[in-house]
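A, B, C and D label the chains in the order they appear, each numbered from 1.
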Amino acid sequence: MRKGERSTLAADTDAIITRREAASGGKHMLKVGLLGAGRIGHVHAKAISSHPDSKLVAVADVVEEAAAKLAAQYGVEARSNDAIIGDASIDAVLVATSTNTHSDLIEAATKAGKAVLCEKPVDLSLARAQACRKVAGSTKRPVMIGFNRRFDPNFATLKAAADRGEIGKSELLSITSFDPAPPPIAYVQVSGGLFRDMMIHDFDMARWIMGSTPETVTAIGSSIVDPEIGKAGDVDTAVVTLRFADGRIAVIKNSRRAVYGYDQRIEFLGSEGLLSAGNVLENTVSIATADGVVSAKPEYFFLERYMRSYSAEWAAFVEAVTKGRAVPVTLDDGVNALALAEAATRSAKGGTTVAVASVIG
Amino acid sequence: MRKGERSTLAADTDAIITRREAASGGKHMLKVGLLGAGRIGHVHAKAISSHPDSKLVAVADVVEEAAAKLAAQYGVEARSNDAIIGDASIDAVLVATSTNTHSDLIEAATKAGKAVLCEKPVDLSLARAQACRKVAGSTKRPVMIGFNRRFDPNFATLKAAADRGEIGKSELLSITSFDPAPPPIAYVQVSGGLFRDMMIHDFDMARWIMGSTPETVTAIGSSIVDPEIGKAGDVDTAVVTLRFADGRIAVIKNSRRAVYGYDQRIEFLGSEGLLSAGNVLENTVSIATADGVVSAKPEYFFLERYMRSYSAEWAAFVEAVTKGRAVPVTLDDGVNALALAEAATRSAKGGTTVAVASVIG
Amino acid sequence: MRKGERSTLAADTDAIITRREAASGGKHMLKVGLLGAGRIGHVHAKAISSHPDSKLVAVADVVEEAAAKLAAQYGVEARSNDAIIGDASIDAVLVATSTNTHSDLIEAATKAGKAVLCEKPVDLSLARAQACRKVAGSTKRPVMIGFNRRFDPNFATLKAAADRGEIGKSELLSITSFDPAPPPIAYVQVSGGLFRDMMIHDFDMARWIMGSTPETVTAIGSSIVDPEIGKAGDVDTAVVTLRFADGRIAVIKNSRRAVYGYDQRIEFLGSEGLLSAGNVLENTVSIATADGVVSAKPEYFFLERYMRSYSAEWAAFVEAVTKGRAVPVTLDDGVNALALAEAATRSAKGGTTVAVASVIG
Amino acid sequence: MRKGERSTLAADTDAIITRREAASGGKHMLKVGLLGAGRIGHVHAKAISSHPDSKLVAVADVVEEAAAKLAAQYGVEARSNDAIIGDASIDAVLVATSTNTHSDLIEAATKAGKAVLCEKPVDLSLARAQACRKVAGSTKRPVMIGFNRRFDPNFATLKAAADRGEIGKSELLSITSFDPAPPPIAYVQVSGGLFRDMMIHDFDMARWIMGSTPETVTAIGSSIVDPEIGKAGDVDTAVVTLRFADGRIAVIKNSRRAVYGYDQRIEFLGSEGLLSAGNVLENTVSIATADGVVSAKPEYFFLERYMRSYSAEWAAFVEAVTKGRAVPVTLDDGVNALALAEAATRSAKGGTTVAVASVIG
């Protein structure tokens, strides 16, 4: 974080903004179909529409009214998934449907020649995700997985500083990732469990920051936040330790409940120092009284904390697709994060450390 | 900042966002002409265009190419000031021209029946600003002055907490307001001096937060940042103390240079505590090494720090104009801030405390 | 940390200070023999001498010059361990010798009727420590183990707040405990390994804060700080997860090197919030420049960070012994912490979770 | 605050500690008489007794029981002021009596050949203090004034960093200095007023940090904390601006009440950055709940916050006296701080800037 280096980082960000604000001139606009008009679909619709080089052209959803409403808001058509995928004038699809449809849609869309940005996880089944990777890979079409946290400006700053060697040789990564409140039990029941549904983000962060896939996974989980979660066969509090081939260690802590807000922090220890990315607070105001000094809480949940990351993610996808470059988060990244989730699920149940190789099969 | 109260505040903000995101339906769109296509004109053009209930229709600038370029960017017409003011189909004008034209344009636009949002200051001459207030006032058209800092979420949170009585009876307000780097000497020479050009924002903040106009102004200034500023007859470092009728005190510190970035902080002491609004930092990352712990600097300047305040300011203007309500920052507020700047200029020169009443005349 | 509760806590501390500053009047002074005149012996000599109700009367060390020098500094006699233990006029001994002598000295001193404060760990062998517990227990003499961190004002404040229910039902405890620099290899070789030598403090903190002994221990360790440590059969970086009968989880991170200083932090998540105890910094000064904002590092090592905890520990021992109350950290606590260290050592080697019951035998 | 420089600072501190802990060997012990056995007398008695090179030998107080009690606590004699000053075996006196006796005692003690450390202020009358300076000066005996804040480790670190040039050319100094609660009205009535009694510390800090005496003083004061203070002719809230010959500015804010504790902060802006010394907090614990994040308050008052500064002040006095060096805070410093207090008192009453030269006469 020395002078010149910070400037470099800042300059990159500026460049992205400058590029985005520049009118797209005579350039071809990426025509995009959005599959899924739920909460996250709304976030993506906004990102697609706000980007100078992409254009939302159609929206689909199994709940037709949802598709119709979102389509109307942006003045585009509501269609079926098939109609969008089958439309040769559409360049790319953004998959924001329920998880059980991801693999099928990735396969269909890539076969139809589309570029794809798909929400995480690729699938709840590792085998299905691996099969999807094979099919989609054969099409040579770009597939990016929506691990949006990589595009959070704070985590990106931490990662860039580590890559510049600011903490020397890295040794120990710690990720704290707590949700503000547990999801409904109905959601928990179909979620695939905490490791596949929630910690999958942290597995990707660990692989990305450490720059490799760990060899072993050791997981401890409990259901102490809500006994209903335990009855549903899931855990709500978990600690997972990852060991890498070179001896480095990463530890991830998850809780389904942090009443003070979304707790999203990373610490990275190395031979020359410690990098920390703290929470983004609601404001910078504090009040000191006879009772203590009160300051603001972390931003409440992912829509608040990671809003900027969704537009940066979309910008990175458009940049890669329009310039014919590799996407920054691949389908392989999605499969590997899922493999860690699978290993963690087994480890938590069996009480032993699980080799990732044994899971990948 | 107790539970319920914070929720109330948060709810207000959400409501604003919800309103803005709601499509404007069949509602009348506010048609807006932008006078001035400089740096701040660009900021306003974006705010006008992004608001669901307002529409940019024309841009003017004395530098015709500037107007043409900005107009092209938004697909609108470039016209003259007169043509915009004379166009009966335009509802409102945003005045972002050079200061010496503000009063004339406010008068012309209000006479032509427009609502006006004018950048600060109203004028460099208090007498001219007072005359403008009289003329514009007679038209009964809404005129809002662009003291955007009132719309900064952090300062708004501090103000709301004080108004709720969280620090009891208020006593002492402290405003720190440092620019990252001094402006060019050519700008300093026509700026009206630090008190009218830079501290005018802080005078408005003091009046707004304290809820009244001070009785006396005591100013101390120096030119120690850049001797050229002193040669131009201005100061670059100043401390001004305001005394209110009820004995309360406000102190404002200004410097034209803080190499670490835009330093914008407020502290408000009362019988039951101290409210503080800190700087907004570039990110939440820190690095601890053998040399110390390094964290991010404040955001660099007003375009970074106050970007959100410009859109909130515009939203407040649109809300007031379309609903026929009083604007939140009046022409009278603009004239009063200017009176404090005038008093401070005299105090710094004469070495005595100046009664505001003696300045208002 | 509400008003009344904080006051209560503060009042306790004041009371302790007041008691200590009060002259001891006609009261009997606790006569103390110090076994061990090394670095930590010096710290204890000062604490014993500064307390109004205790008096240092003799010092012993295998290195006779060390004993002589420290004894001279305090104007007391240098004697052998046996001579001190055999002196009927001595009420208590403080054992600050090398670890391999702890059990023997505890047994000898308690048999001789002394009260004992012994540095951690009780022994490197769990079996030997268990035997010592049996022997010393039969004497009914008070034996306190020197887990000084319990007396750190910050950790004591966190523990008291948790016990008052400020975070509701506790769920997940996280301890970060990094040394500034690794010890000499010669020390590593006789240390018993990171889990018994360094993490033993954190095992005690976890038991103390959680209020019970965990059922299982899962440990992951690496030697990545210094390959010599690995060659000596030890690890220098480790993460241990403890699972309690009620499902609660504690995670401990240790590193032998944090170049920015002694990193000693605790976080405690519960159903109603998160308690955090941060590092104690060298000073409160920061400097903001064009390169970033630099603030002070954590205090360098345990002598700086925990100096106050040693005198508070000694005060608690004197209080318990002179009033005939139970000591706040028992020999049983020492044995249990050692059992966790033993379990962690086995877990790290075997790659499986270890049941604490299987270790206790 | 770069690596080497911080080390230098740390090394100095270590050296002081090392020197203090070294036994005084055959060296002459400074024999000290303490005049004044009130609250601050107790603080000084402890500092004198704890220093390896000084020895408390007698205590005096107009309230004889107070002297007797303190003397008994340290096993020394209670005598009269005259008896102590007249005792040729006593090397130094520490004057901690009521302010109206300071000048007389400084004169008597220096005439009797003693070295003197006298509590602030020298006198409430500038003329009397100036006369005292003349008399004491003629004796050539060392006289140090008890501006203890210069010895606070945080402020000393800030001053050292500024002197090393870390903020380049200094420009604007800001001192925040709030007491937790106003003193009794009986005290206010004989205190000499806020500027002489309370802000005198800050005037000394400003002179010390800026390295010179300002040319002009501009003061604004109010009585808004407690109307009784106003009735007693004093103010309880004040802002004073100091202008130095080179154009630099210092601003001091005082309030008699900050319900959250003793607020003692300094900021120092220069051409290359901003140095800040923050408050010392009661502990490092924070708690995040649904209501916000609560952290500890500043230490309550001067006995808590500045305890270390009193022993460092005494060590500096002993060092200077025993080595025949100049004391670090002179009687001249005491007179100059008083001159600024006098100028501020006049400025607040007259509503004009006051030239310091006009006060010194």
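In this section, a residue touches a chain if its C-beta (ideal position, glycine included) is under 8 Å from a C-beta of that chain, and two chains touch if they have at least 3 such contacts.
Here the structure is a predicted model, which is why all the values come from computation and not from measurement.
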Have a look at C-D, A-D or A-C and name the one that copies the B-D interface, over half of its contact pairs being the same. A-C
If chain centres are mean C-alpha positions, then the most distant from chain A is chain D
Report which of A-B and B-C is connected by more C-beta pairs in contact. A-B
Taking the mean of the C-alpha atoms as each chain's centre, how many Å separate chain B from chain C? 57
How big is the gap, in whole Å, between where the Cα atoms of chain A centre and where those of chain B centre? 38
Chain D, residues touching no fewer than two other chains: 1, 258-260, 272-274, 288-292, 294
Chain A partner, complex, touching residues on chain C are 1-3, 6, 169, 171-172, 174, 176, 178, 216, 218, 220, 222-225, 237-239, 241, 243, 246-249, 251, 253, 255, 257-260, 263, 267, 269, 271-274, 290-292, 351-353
Complex contact set, residues of chain C against chain B: 258-261, 288-298
Contact footprint of chain A on chain B as seen in their complex: 1, 10, 23, 73, 153-154, 157-158, 161, 166-167, 272-280, 282-290, 294
